[in-house]
Amino acid sequence: MPNHSFDAGLLNPLSHGTRESELTSDQAWLQAMVDAELALSRALVDAGLAPEWMLTVCDQLADASQFDLGAIALEARGGGNPVIPFVKHLGRAAESVRAGASDHIHVGATSQDILDTAAMIVARRVTRELIDQLDALGGILADLAEQHRGTVMSGRTLGQQASPTSFGFVAAGWLDAVLLILTRLDGIAETLPVQLGGAVGNLAVLTEIARARRSDAPAADVLDTILERFAHHVGLAVPRLSWHTNRVVISELASVLAAATGVAGTFALDVSVLSRTEIAEVSERLAPGQGGSSAMPHKRNPVSAVLITAAALQTPGLASTLYGSMLAEDQRPSGAWHAEWQSLRVLERLTISAVTGAASLAARLDVDPDRMRANLDLTDGLVFSERVTTILAETVGKTTAFALVERAAQEAFVTNRPLQVVLASMLIAEGCSDALRAEVWAAFNYEGESGQSAAGIDRVVQSFRRRAAVSDRGAIVEERTQSNNDVRIS
Amino acid sequence: MPNHSFDAGLLNPLSHGTRESELTSDQAWLQAMVDAELALSRALVDAGLAPEWMLTVCDQLADASQFDLGAIALEARGGGNPVIPFVKHLGRAAESVRAGASDHIHVGATSQDILDTAAMIVARRVTRELIDQLDALGGILADLAEQHRGTVMSGRTLGQQASPTSFGFVAAGWLDAVLLILTRLDGIAETLPVQLGGAVGNLAVLTEIARARRSDAPAADVLDTILERFAHHVGLAVPRLSWHTNRVVISELASVLAAATGVAGTFALDVSVLSRTEIAEVSERLAPGQGGSSAMPHKRNPVSAVLITAAALQTPGLASTLYGSMLAEDQRPSGAWHAEWQSLRVLERLTISAVTGAASLAARLDVDPDRMRANLDLTDGLVFSERVTTILAETVGKTTAFALVERAAQEAFVTNRPLQVVLASMLIAEGCSDALRAEVWAAFNYEGESGQSAAGIDRVVQSFRRRAAVSDRGAIVEERTQSNNDVRIS
Amino acid sequence: MPNHSFDAGLLNPLSHGTRESELTSDQAWLQAMVDAELALSRALVDAGLAPEWMLTVCDQLADASQFDLGAIALEARGGGNPVIPFVKHLGRAAESVRAGASDHIHVGATSQDILDTAAMIVARRVTRELIDQLDALGGILADLAEQHRGTVMSGRTLGQQASPTSFGFVAAGWLDAVLLILTRLDGIAETLPVQLGGAVGNLAVLTEIARARRSDAPAADVLDTILERFAHHVGLAVPRLSWHTNRVVISELASVLAAATGVAGTFALDVSVLSRTEIAEVSERLAPGQGGSSAMPHKRNPVSAVLITAAALQTPGLASTLYGSMLAEDQRPSGAWHAEWQSLRVLERLTISAVTGAASLAARLDVDPDRMRANLDLTDGLVFSERVTTILAETVGKTTAFALVERAAQEAFVTNRPLQVVLASMLIAEGCSDALRAEVWAAFNYEGESGQSAAGIDRVVQSFRRRAAVSDRGAIVEERTQSNNDVRIS
Amino acid sequence: MPNHSFDAGLLNPLSHGTRESELTSDQAWLQAMVDAELALSRALVDAGLAPEWMLTVCDQLADASQFDLGAIALEARGGGNPVIPFVKHLGRAAESVRAGASDHIHVGATSQDILDTAAMIVARRVTRELIDQLDALGGILADLAEQHRGTVMSGRTLGQQASPTSFGFVAAGWLDAVLLILTRLDGIAETLPVQLGGAVGNLAVLTEIARARRSDAPAADVLDTILERFAHHVGLAVPRLSWHTNRVVISELASVLAAATGVAGTFALDVSVLSRTEIAEVSERLAPGQGGSSAMPHKRNPVSAVLITAAALQTPGLASTLYGSMLAEDQRPSGAWHAEWQSLRVLERLTISAVTGAASLAARLDVDPDRMRANLDLTDGLVFSERVTTILAETVGKTTAFALVERAAQEAFVTNRPLQVVLASMLIAEGCSDALRAEVWAAFNYEGESGQSAAGIDRVVQSFRRRAAVSDRGAIVEERTQSNNDVRIS
């Protein structure tokens, strides 16, 4: 293999030597192609269309590392997809195990059946890994939300300090997004379908063979058995129809992957912002050797946050390619299908990178409540403008109150005085009651509950914990999943 | 209003004067903003935080056509969003109905609460329209699938005739995609949430007010009431948390819209291909004045198919913008939120155009079974190569059979003779049995069932009809929906 | 015209009532279509293929406001593009001016000739407006760069303070990007071509007519005259060939538009960041009514910066649609061409919005040198780490120096002491010379020149000013342009 | 190196073992990073800031294969980019050649200086390869255009036969697009700039060092020397300013790459369409083993056309990511820069694949003039509708002629008779002159010149050949280029 065909992850620092590379590498795809082909051969045996000894042959062919990945990749140019040469390599290997075995490989299948099924096998592993990583991320965020329930910080809108909130509430917001993605992923992971349609999707060859070899049963029943066993062997669902040019499955997968990086990316972006030298409310705890610069000895960069953000900036374009590939004409399109493979793989890889990175980042997040408090003081009370407006509105009405505080805020800004002081003078001038002035004066403190922060935190954390409790009954779920694999998507 | 601000749909021929324009116009958005603000005012009354007379005021403010859309749009530049000037216009109108009424408008809300809720109101109407149109499209496709169950046509892969299939099976494939989108849309349409968080998402102001005005009840309960009534009045769901910067809701919506145009677009693209002069297996029935050319008097263009395809080519880029906008920092981002509005609106408009257009196209689709049959003859039997390989494989094994037919096909191609004839000579030369030769010779006919076409058609059509049967119990579903609106998304 | 077809700019606050709406409105497109058709009719007269009196007819048809935009938009559905109905409306209007006039309209043209030429007419106006606005933006940035040549501020990388730079140098960086775009735009604006090919691009009809009506001249010469006069009348260039399916022209235009918003967006994003409450080094000077919030009376949002950023977030997706539309099969594609219109228009509109907004923002930018200086102090000297490393490296070598300062920075960070002090102790401990210690101690000041800031500023500002000087000779340039319009792009 | 980090090109069949993999592999990037670092060290020697012996050290470090790519990729996670660990590896290697050598490596540079310069080195090689391949493609297309000047075929619009054209004219259209890209690429290839700015872009460290070590010369002059020699050693241009966050350079490069795949993709898409079984006007000459199917022995797929199209479907999304990455805040952004690397590399790789594939496809294109002629007959004369309308218009006026032929075409379509015959009857009925009827009758032939096909072909082919003639004076151009490298981009 020439050195230059070797992409080690130099340009994707999050990916090298990681689980996402392992799950989405060429080697992983080749293994999935092996799994798909052998599942089909086994299903033929199960359905009585191939001899029992084929199972032993399958066992010996199961490890993809025996195949020459480089050669297959090279030969893929000829037919336009890697399955065409792979089937030849697999056939030769089968013959070397037992003469005649190649006759029971790739029977009734077209290249797309194998590559799409392999894509779904890879996707199943990817979605499971994502669920695990999102569970981990969610757990840490839930803890942060609860621990920092009372950690007052400035809420910021359009980059400006707006009103007080709590860091726990901000963390609950991140968690809520994670939970939405988890719910969606759970649904998708269980319904990823096999592909099996033959040349033009109608399983004509397998029908022919079923008639020839199983005169004892209706062909339709034999085919149902094949499909169900095929799906069983690879742990996927049975679709209503072959989906060679109905790419909703791919677009759904793309959509949840892109959304997951979006969620991880938003969290990372918030960490980047809150880590800024001038804000410094959170920081990424760095291991030795992490976060440095090649030029500046003092730098402590939020490097995970940056790389997650970078991943999230790359995924929308990839998702758009996969949406564009839905325009698949005929029974197999002239390019749209081929455009999916790399885009999907890179999207999957970036998503795992982003989500895994986010879980790691959350676990290494240092929070500085003192700095949060100190930053709130920067506006000399302006962040309380909404609260005092509300108090005044109870007496003078909302419109008058808003105008009054707006004027006071303007004066405070221009004269560089605290809003609390400016407003007090104004209220005296306006002849407002002592009680109201006292109430307004007292409102300038950070202690009061921040609206529905606590209730919101509880609601999200409890929803997440309920889900986690269900997922923890792992064995049961797993069992259910296995049996469900045999059921058609309805 | 200057003439030049007026976009009539000149550049989007599918949209002018149509339901999608109506549902997604500036006027529709303004109405939704009115709906959102008044729902909030009404919810305040329901929760005991505003006087009963406010309901009458709301009734009089309910029609958006009384507001000056152009002025609001113009003033939107100042604050960066249309809600800021709109609240002022609404407040003035409220005061003119009854003095003091403006104090009960926009209470505790931030601009994003209103615009996001308005976006969801629009989205709710859009998704319902889409469901109706997809139901219509599905119904026609189901009929086509059943009627053309036995209409033999060539399956095509990479632009080349591959193996026989039936037009009914092809239609069932389109239907299956429609059904997948419908299922997803059903789920999304019911869970579109209101937005209500106040300045930084924690409902601080409403909490404050609830404490001041409803000392009789815990603030949390009062807030729950407000949220539930707010959602009830606009027919949306209650979210777990405000989602100002958790944009999974938007990305989910974008994903199903882009997928729906993809599904409509694939259908349209197939119609374009099958309508080609040289293929001519289907054609779009044109009304007078449709499908013409400005240069060529004879042209009968598949104009709906073309415009639907054009819509589907525009949606992936819009979806990518909405995925990119998930990167929303702070409690309201400096641009990402603002980038959503137009992209979402145009995406919604194009999706309705595409889906509505597809339903219309399906209803006007002329199918030419004779031409389908004639085209199959073009390859002089090559389309049967897979079938005869299968037959031969039963005797000589798959590998040998494939090689044999490949050689025969090559010779047929080079010598320009029918594969049936070439193969017959070859089988004699190979000393094959008379019976097998006869079976191979007989395989060159289009009458046999095309694999599992029939079973596949039945499966998809029945699934679609079952769904339709459920949807037809419209009143019941609608009722359930209304009560569900009060329930939090879990 | 129903109210609901009316998009006033509610969802695009930068655009309402502005030059970009005017330049890219449906009305502007219709006018450009009129211009294109009449230019063709006039060119026919110029080439002797139509009677002289047709010029008078053209004069009377020149104002697009006489045509019913709404009706044309509505009828566009039938043929799939607005030109087909427009030609009918135009023909009727021509007949009402003089019987027989419609025979000299749209002669030899296909719909795409007119719409593509109209698109280029619009694009020409758009690019000129962009050049004007970028010139204005550049002028302000050049002034900022020179005025703030010595205004020290912190350079920031990955959100962290890195090393000192000057605000003037930062402004020069923005200017350099503006200048690159201007150079590219100048090139593109002058070469935007007309489209004229007839039904399949080969001008068959006009050739036929030239032969019939101008037996005195070779058809090729007559056609050259038509093309040159056609281009002259609309102020565009003559292409080598009709470009119905060669969409490099569109992709080039899209690329410079997207790049221009990127440049404006980066500037705006920097302003957003530097405006953050905790950084506050620059602020957007707001007019009364600008930058407010509907919830918080004190808010002063960098609203232009936010809206420019929002525009820049929308353009990459639109550009990708236009790149995707390059895949234009046959002599006119089944959707790819139709997908361009809206995407190009919205892209143009957003680009003008972004660039115009940036010029306005630059003109209203308040710079706070004191705050810049104060923020530099926040790191207690860490921003000098690179500088002192450089000084130490001269004596102890780069590697040792980097390690030493890295250790000192770490200790300063942990012990919360100034780097200057920590490093001084360390250097004593290391036994370093008094002179070196003194030099290192003295390096902790902001006064020294910031590297090549000044030279860089001069280089960029001078390049910009040279260009501006050339452009100022407006009349001459304009004249040259007019005559150039007649020349083929080579 | 674990097997799973190894991407062999399995999912990108065009790329394995090819020049594009070689030019854009991790290994190629690492070599470019080595080239960049050593060019900087050599420039320091040239400018008198480093000892002469450093040149010998550089010579020994020049081969990137001595560095552990896998280890560098792995360590890249820590700092967020591969340069940080690479500099350490390079420094150790330098020390092992000569003690103290590492002090003269990476002097004054920041990671981005090296990675951006490496990116430009890779881009320079990529653009040169693209120019070579486009030259090759253009040469073949020029030959096709000339050879098939008189090969009549049907022009098609919206998938329908429209009017006759020639295959040579179609090929000239492909060539024209290639020529536009070549012109643009020539410009870009010569101006790709080095990056050198130091930590925050102002070259502060090198200025400091120049002052310390070259008291004999103004620092600005020394820096100019460094920049010019740095650029000279890597064969790139000198920018006006460092462009760390001014990413116009990257967006320009992305735009021409995406446009080049668009051009290759359009050609491929046309080949796919014209290769359809029912059209069969061209075919891709296949090598043994090419174009086959895993299921259908007879298949001869246009596999290159399909894979080129697939590449072109992937590039718009990647380009949009790179446009999005223009939004680079501060002096180095928190993610936008990092998002460029992979996207740019994949875009470059796909572009070379597409363009190289297109050159190969053009060279293997079989054209079938007989079939083109036969297909024209399919419409029974309808393709002549525009021509006969033109003839009739000379006598009865355009409007009447159009209506007449439209009616005839409609009748021909409905009655399934040739337009020639139907029209003849109609003209008799209309009482038209014998001469005119004869002229109309005679127009139904394919022999006449197809409009300006010939002139258009000549114009484009000559433009291409002129360019090629210039390029052939390779040595001279190359020389000029080398000296130009020292010149600033103005």
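Letters are used for the chains, namely A, B, C and D, taken in the order the chains are written, and counting of residues starts over at 1 for each.
Just so we're on the same page, contacts are C-beta pairs under 8 Å (C-beta built on N, C-alpha and C of every residue); 3 or more make two chains touch, one makes a residue touch a chain.
Predicted model only: the values in this text are computed from it and were never measured.
The fewest steps needed to get from chain B to chain D, moving only between touching chains, is 1. By number of C-beta pairs in contact, B-C leads when B-C and A-C are compared. Look at where the CA atoms of chain A average out and do the same for chain B: the two points lie 23 Å apart.
Each chain gets a centre from the mean of its Cα atoms; for chain B and chain C, those two points are 33 Å apart.
Our note on geometry: chain A versus chain C, Cα centroid distance of 34 Å, whole angstroms. Across the assembly, chain B contributes residues 80, 110, 156-159, 162-163, 198-199, 205, 269, 272-273, 292-293, 295-296, 301-303, 306, 309, 312-313, 316-317, 319-321, 324, 334, 386 that each touch 2 or more other chains.
For chain D in complex with chain C, the residues that touch the partner chain are 80, 91, 100, 102-104, 107-108, 110, 155-159, 162-166, 169-170, 172-174, 176-177, 179-181, 184, 198-209, 212-213, 219-220, 223, 240-243, 245-249, 251-252, 255, 258-259, 262-263, 265-266, 269-270, 272-273, 309, 312-313, 315-317, 319-321, 323-324, 326-334, 386-387, 390-391, 393-394, 397-399, 449-453, 455-456, 459-460, 463, 488, 490. Of all the residues in chain B, the ones that touch chain C in their complex are 1-14, 16-17, 21-22, 25-30, 65, 69-70, 72-84, 87, 106, 109-111, 114, 198-199, 205, 268-269, 272, 287, 289-296, 301-303, 305-314, 316-321, 324-325, 334-339, 341-343, 345-346.
The residues of chain C lying in touch with chain A in their complex are 154, 156-163, 272-273, 275-279, 292-293, 295-303, 306, 316-317, 320, 324, 375, 378-379, 382-383, 385-386, 389, 402-403, 405-406, 408-409, 412-413, 419.
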